[in-house]
Amino acid sequence: MSEELYRVEGLRLSLPDLNRKPLWGPAPRNEILKGLDFGIAKGEIIGIVGGSGSGKSTLGRCLVRLLEPTAGRLLFEGQDITHLNDAALRPLRRRFQMIFQDPMSSLNPRHRVGQLIAAPLRLHGVADVRGRVAEALDLVGFPQDMASRYPHEMSGGQRQRVGIARAIALRPDFILADEIVSGLDVSSQAQVLNLLERLVKELGLTLAFISHDLSVIRRLCSRIMVLYQGEIIEASDTAALFGQPRAAYTRELLDAIPLPDPDQVWA
Amino acid sequence: MTYLELKGLSARITRQNHPLLRSVSLSVAPGEVRGLVGESGAGKSMIGKAVLGILPKAVEVTGGEILLGGEDLQRLSDKDRRHRIGQTCALIPQDPLTALNPSRRIAPQITDRLVDILGWERARAVARAEELLDEVRIQDPARVMRAYPHELSGGMRQRILIASAFAAAPKLIVADEPTTALDVTVQKQILKLIRDMQARHGTALLFVTHDLGIVSKVCNRLSVLYGGMVVEDNDVPGFFAGPRHAYSRALLAATPKYTDPSASLTPVPDQVIADVRAEIDAFDRERAHV
Amino acid sequence: MADARSLVKRRAGPRLWLSAGWIGLVVLAAVFAPLIAPQDPLAQDLFLGRMPPFWMAGAEPGYWLGTDSLGRDVLSRIIFGARIALSVALVAGGITCILGAGLGLMAGYMRGWVDTVISRFIDIWMAFPPVLFSILLIAVMGPGLISIIVAIVVIDWTRFARVIRAEAMGQGVMDYVASARVVGRGRISTMLTEILPNVLPTIVVLLTLEMGIAVIIEAILSFVNLSIPTDDPTWGGMISEGRISINQAWWVLVFPLIALFLTVLAFSQLGEGLKNRYDPVLR
């Protein structure tokens, strides 16, 4: 096994439930992640699947430290980033990126595509911003004039690719992709997946891929982690998981996949 | 007997000679599910928006009829049309986060329509909303009713939109990619629920999706769209037995199948695209001559 | 397929042209008042009292819109009155906007204790009846341009703050804000580069509305003689004087009223017009 990029130990996260806050005293807390342990090796593509509301996006937000874990440890290349503050995180930020679940709301509606991709580069003082933007547009298969579009002037699939371009322009070591192909038609889906695969090979990227499309996960990922109500109930190699799923929930997931075949029995 | 019927519906960007919908015809009967598939930007959402009269300002209908329960919607006055649509139709929008108002709690967002348009009592609407959230498998509906949209996961938001579409037992639902944020087990339950409610109320459903797996499970009929033109209109068993149009065949071939992990992901081949484009150009030329 | 959305062209439309045109005219009149005005707005000439406008019998050449009972030229007074109307609109509107929008933006985006403090402050502020408050203020400070401006700011900043706070809050939970944090943008910088452009259209609409309101408030206060103490011409003052002689000289009342009405209308339309033309997000 190669070196580890991430090490997660006993990760817990709870958020205060302000809607149930009593008049006095602290609000009760919602346990969202209940003690996760796992590692992500350099250069691997790890798939994260699980039910809706099981905490996948929340876990993703912890990994890129949008959220601060309530307990446990989060190591990035051996450095403890669990409780680092914004200032201390800033130099690390260009090394881990996230592509968000909802493409429309993750792009500032009043910034043009070129601006959207260039802003993070400027922030980190990268030289030759123009060149890097052009390169990123190229990598996701856009013509250069796409840079002058606003997000609402694009279709769902194109917006998703802007999100990808923005993340890869920084040349990070790690990208968390949250449900990025579910809104794409099969043809653009194939394009995006091929692109990600190529980037992993060529740029030595590490990828965590959240999705509920198991066909895509099986195609792309080498290892899979199944989340259920904030806990990891199964983690194994792709072949093993699809071959003989251990947890009952995993089996349920596999049975529920709709195949493009009207004769499939779907009880 | 059809409930919704489109006859030669055409639309374009206002005052520009750029067609978005090219003479689209299709029909949905009560209790029937019509699937709409096609690549991103093909005009799937546009058809739904045209039916519900919510086209963006920049888009105008240039021809054709939209018949709802046998009545041409475009003949009605604006007010009557809005009234008719409000009472009988519902939309499950494509973008779950932007479709909910970020600064209001969930409860009023579901019940407002029931109270304001259909004249229900507030208490009854709230009870119905909780019941529906339960039916779409949301755990702890009471918490969700009090929450703000950003406190919910993507799939929960989407299920809230589904619940509020079904709230008033509409006659027609336009579902625009309604399960993209749901995991497969919930998706399965929701799709069953949709079929179930449909059978009970005889709702006609226009179902936009790009997942042919879902089409094979819930739809009776299917229209394949490319560039705003219907290239194939088929019943579902017939489609899966053998699509008639080359583009549909390519689409079916590009669908990933988890049972076959070795298959490489192939986008629709360029040759097929070139052929459909030629077809569209031919259509446009013919139009220009008439 | 080629994406078509970028083909959509937007035109300025008559709303923007007309409103911007009128306001441009008023601005020119105010700036170049001494050059444009045909007469001295303060010069009284009792022999020229109540001259009718130019198209009526008995009009005096050079006094286009007639004269008031003291023989002062109505047109020149309207032109000079634009100076006060516009200064109040700009200064009061501007301060109200910066104060209200700034506090609202901070409260809505920062949340937490910042929001608590600002929101409580707004609540307390609004518990005072605002009009009473401003009349009291003028009574204490004495009438004058400054007191009017202060009064307008005092009454209206809370509306800005509340609207912008709600907008900023809605924008703040969008993922593009999270996305800015993932790349390491600081809080203030995120507020200015991500949130501000998205609440700017609302700010512009509110600001132009506020300018219209400021013009009206100034007119009302002049009307009840709480405004400018000298006999510098103001539209409100002219309307008030014209009211007395409405039966003998209607023009003294009607022309400043028209100027006031058009200016307020133009301000209120200008914001919507600008938004339709320049906001990149089509509604």
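We just call them A, B and C in the order they show up, numbering each chain from 1.
Methods note: a residue touches a chain if its C-beta (ideal position, glycine included) is under 8 Å from a C-beta of that chain, and two chains touch if they have at least 3 such contacts.
Keep in mind it's a predicted model, so treat the numbers as computed, not measured.
Engineer: Once you count every C-beta pair in contact for both, which comes out on top, B-C or A-B?
Structural biologist: Result of the comparison of B-C and A-B: A-B.
Engineer: If I average the CA coordinates per chain, which chain comes out farthest from chain A?
Structural biologist: Using the mean of the C-alpha atoms as each chain's centre, the farthest one from chain A is C.
Engineer: Round to the nearest whole Å and give the separation of the Cα centres of chain A and chain C.
Structural biologist: Chain centres of chain A and chain C, defined by C-alpha means, are spaced 48 Å apart.
Engineer: Report, in whole Å, the distance between the mean C-alpha point of chain B and the mean C-alpha point of chain C.
Structural biologist: Roughly 46 Å separates the two chain centres.
Engineer: Any idea how many Å lie between the Cα centroids of chain A and chain B?
Structural biologist: Whole-Å distance between the two chain centres: 27.
Engineer: Out of chain B, which residues touch more than one other chain, so two or more?
Structural biologist: Each of 39, 41, 97 in chain B touches at least two other chains.
Engineer: Would you give the residues of chain C that are in contact with at least 2 other chains, written as numbers and ranges?
Structural biologist: Answer for chain C, listing residues that touch two or more other chains: 3, 5, 174-175, 282.
Engineer: For chain A, which residues are shared contacts with two or more other chains?
Structural biologist: 101-102, 105, 155, 158, in rising order.
Engineer: Which residues of chain B touch chain C in the complex?
Structural biologist: 13-14, 16, 18, 20, 39, 41-42, 56-58, 97, 101-103, 148-150, 226-227
Engineer: Under the touch definition given earlier, write down the residues of chain A that touch chain C in their complex.
Structural biologist: 61, 64, 66, 86, 89-90, 93-94, 96-98, 100-102, 105-112, 119-120, 123-124, 149-150, 152-155, 158, 166, 170
Engineer: Note which residues of chain C are touching chain A in the complex, please.
Structural biologist: 3, 5-6, 174-176, 178-187, 193-194, 197-198, 200, 279-282
Engineer: Under the definition above, what is the set of chain B residues touching chain A in their complex?
Structural biologist: Going by the criterion above, the answer is residues 37-41, 94-98, 105, 139, 143, 146-147, 151-156, 159, 177, 180-188, 191, 210-217, 236-237, 240, 251-252, 254-259, 261, 263, 265-268.
Engineer: Along chain C, where are the residues that touch chain B in the complex?
Structural biologist: Of all residues in chain C, those touching chain B are 1, 3-5, 7-9, 166, 169-171, 173-175, 282-283.
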